[in-house]
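Take a look at the structure below.
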Amino acid sequence: MKHYQKKIYYHDTDAGGVVYYANYLKYLEEARTEYLRAKGIDLKELAKEGIWFVVKNVDITYRVPGRYADTLDIVSEITKTKNVSLEFFQEIKRDAEALVSAKTTLVCVTDKFKPTPIPQEITEKLTS
Amino acid sequence: MKHYQKKIYYHDTDAGGVVYYANYLKYLEEARTEYLRAKGIDLKELAKEGIWFVVKNVDITYRVPGRYADTLDIVSEITKTKNVSLEFFQEIKRDAEALVSAKTTLVCVTDKFKPTPIPQEITEKLTS
Amino acid sequence: MKHYQKKIYYHDTDAGGVVYYANYLKYLEEARTEYLRAKGIDLKELAKEGIWFVVKNVDITYRVPGRYADTLDIVSEITKTKNVSLEFFQEIKRDAEALVSAKTTLVCVTDKFKPTPIPQEITEKLTS
Amino acid sequence: MKHYQKKIYYHDTDAGGVVYYANYLKYLEEARTEYLRAKGIDLKELAKEGIWFVVKNVDITYRVPGRYADTLDIVSEITKTKNVSLEFFQEIKRDAEALVSAKTTLVCVTDKFKPTPIPQEITEKLTS
């Protein structure tokens, strides 16, 4: 799912009247999860096998604030695939307007948080 | 620790300009944890032994809203101790004013979420 | 909308492996908002007119824990309508199993958090 | 306050057993607020005058996961001051170990989210 919709409720906002800046990282996680699911990759099943994708870096830019009752559209794409890591580029939009953009690097790790090569089966699904 | 202090930041509030109602349950958890720690009960150590205290019921009343930059004082006491459960009464105050009060019932469970008697060692620490 | 669906992501859970107890209050808010919207009541528009529904009391019981990747179904109904207040009863289910139930009392207030009668137009929409 | 302490509770963690990645942005906000307060800058008073510092960009790197019951130490410093913006560098540590580091750019804006020069009085306090 390259497009993920997110409706904004009171718990998403702060007393500045806008979406709290940390909360966008939750929506980015949700959108990545659904993107991977659409590719046939189930993070819950992977976790049972001791394979996790953990966030190594986020570079996020805030342009326009989201507000209560907005419906946001999150567009996700994978921009890089390496041996042990993945890079997502995501944009959060309200209609045509880009509110937030983010580049997120995820690393494939074991239960002990040791980096491990992304299983070939996953790489194949990602590039299909 | 019968008194626990909590400072309110933007992430605690919502676009209504006040503390979001669900967030008080986080502060209640923090205050209970510190109350138990002051009695010599370490929830992290208990979890390693497969003993958890999970919330069964919360009855929470909101009187006056908390706001950004408030410093709140949470007063906690145990009002009931049974075989497998505990009851806390907690009040969240701003100076002399009571903002929120809550009665929380916790049940002692195993790793499988099965109710189990509160270990005697814990009961003794609670009543000391 | 009497039924509201909520998918559980990592940010909804805690290190106990289950949905964090305060987070259910967020889903209850989302479900009430959508319930009211389906009745033609738009909380954002009301706030502009200085009318807010604030939570006065929540009595919530946790039976079975929700978990990562669950899709929960929240069933909402209004069980009482008074001059200045409303009562919701809500149940959070995973398939046929009830995980959580909650009774929430909301009070109609002005911008100054003063209780005020629920506007007749709203009462009519609620009972339609 | 160049050092800010943060204790980790269940609501800070996720089902992966570690602190959820978005939550660190909350602690970074708390630490920046206390840093500014120690310099005599009160964000609540500034907001009343229509002056806000909003986050424009965060570049955050996660090295080692924080865990339940950790006490984290957040070290903050301002690394750049421009006409309308500020840059913070912050490090989140557990004892000597750096878990997370982040560079955050804040922009001074009016009530309408229009960039505006940082008031001279603020700049003086920052450099004192």
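Each chain carries a letter (A, B, C and D) given by its place in the written order, and its residues are counted from 1.
Convention: a residue touches a chain if its C-beta (ideal position, glycine included) is under 8 Å from a C-beta of that chain, and two chains touch if they have at least 3 such contacts.
Note that the coordinates shown come from a computational prediction; the quantities given were computed from them, not determined experimentally.
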Open item on the list: Between A-C and A-D, which chain pair is linked by the larger number of C-beta contacts?
Closed with: A-D
- [ ] Could you pull out the chain whose C-alpha mean position is farthest off from that of chain D?
- [x] C
- [ ] Could you give the separation in Å between the centres of chain A and chain B, each centre being the mean of its C-alpha atoms?
- [x] 32
Task: Cα-centroid distance, chain A relative to chain C, in whole angstrom - done: 27
Task: Mean-CA-position distance for chain D and chain A (Å) - done: 22
Task: Residues of chain D whose C-beta touches two or more other chains - done: 10-11, 16, 22, 26, 29, 68
Open item on the list: Per the contact definition, I'd like the list of chain C residues that touch chain D in the complex.
Closed with: 10-11, 13-18, 20, 22, 67-68
- [ ] Over in the complex, which chain C residues touch chain B? Could you list them?
- [x] 16, 21-23, 25-26, 29, 47, 52, 54-62, 64-65, 113
Open item on the list: Quick check: in the complex, which residue numbers of chain A touch chain C?
Closed with: 7, 9-11, 26, 29-30, 33, 42-44, 68-69
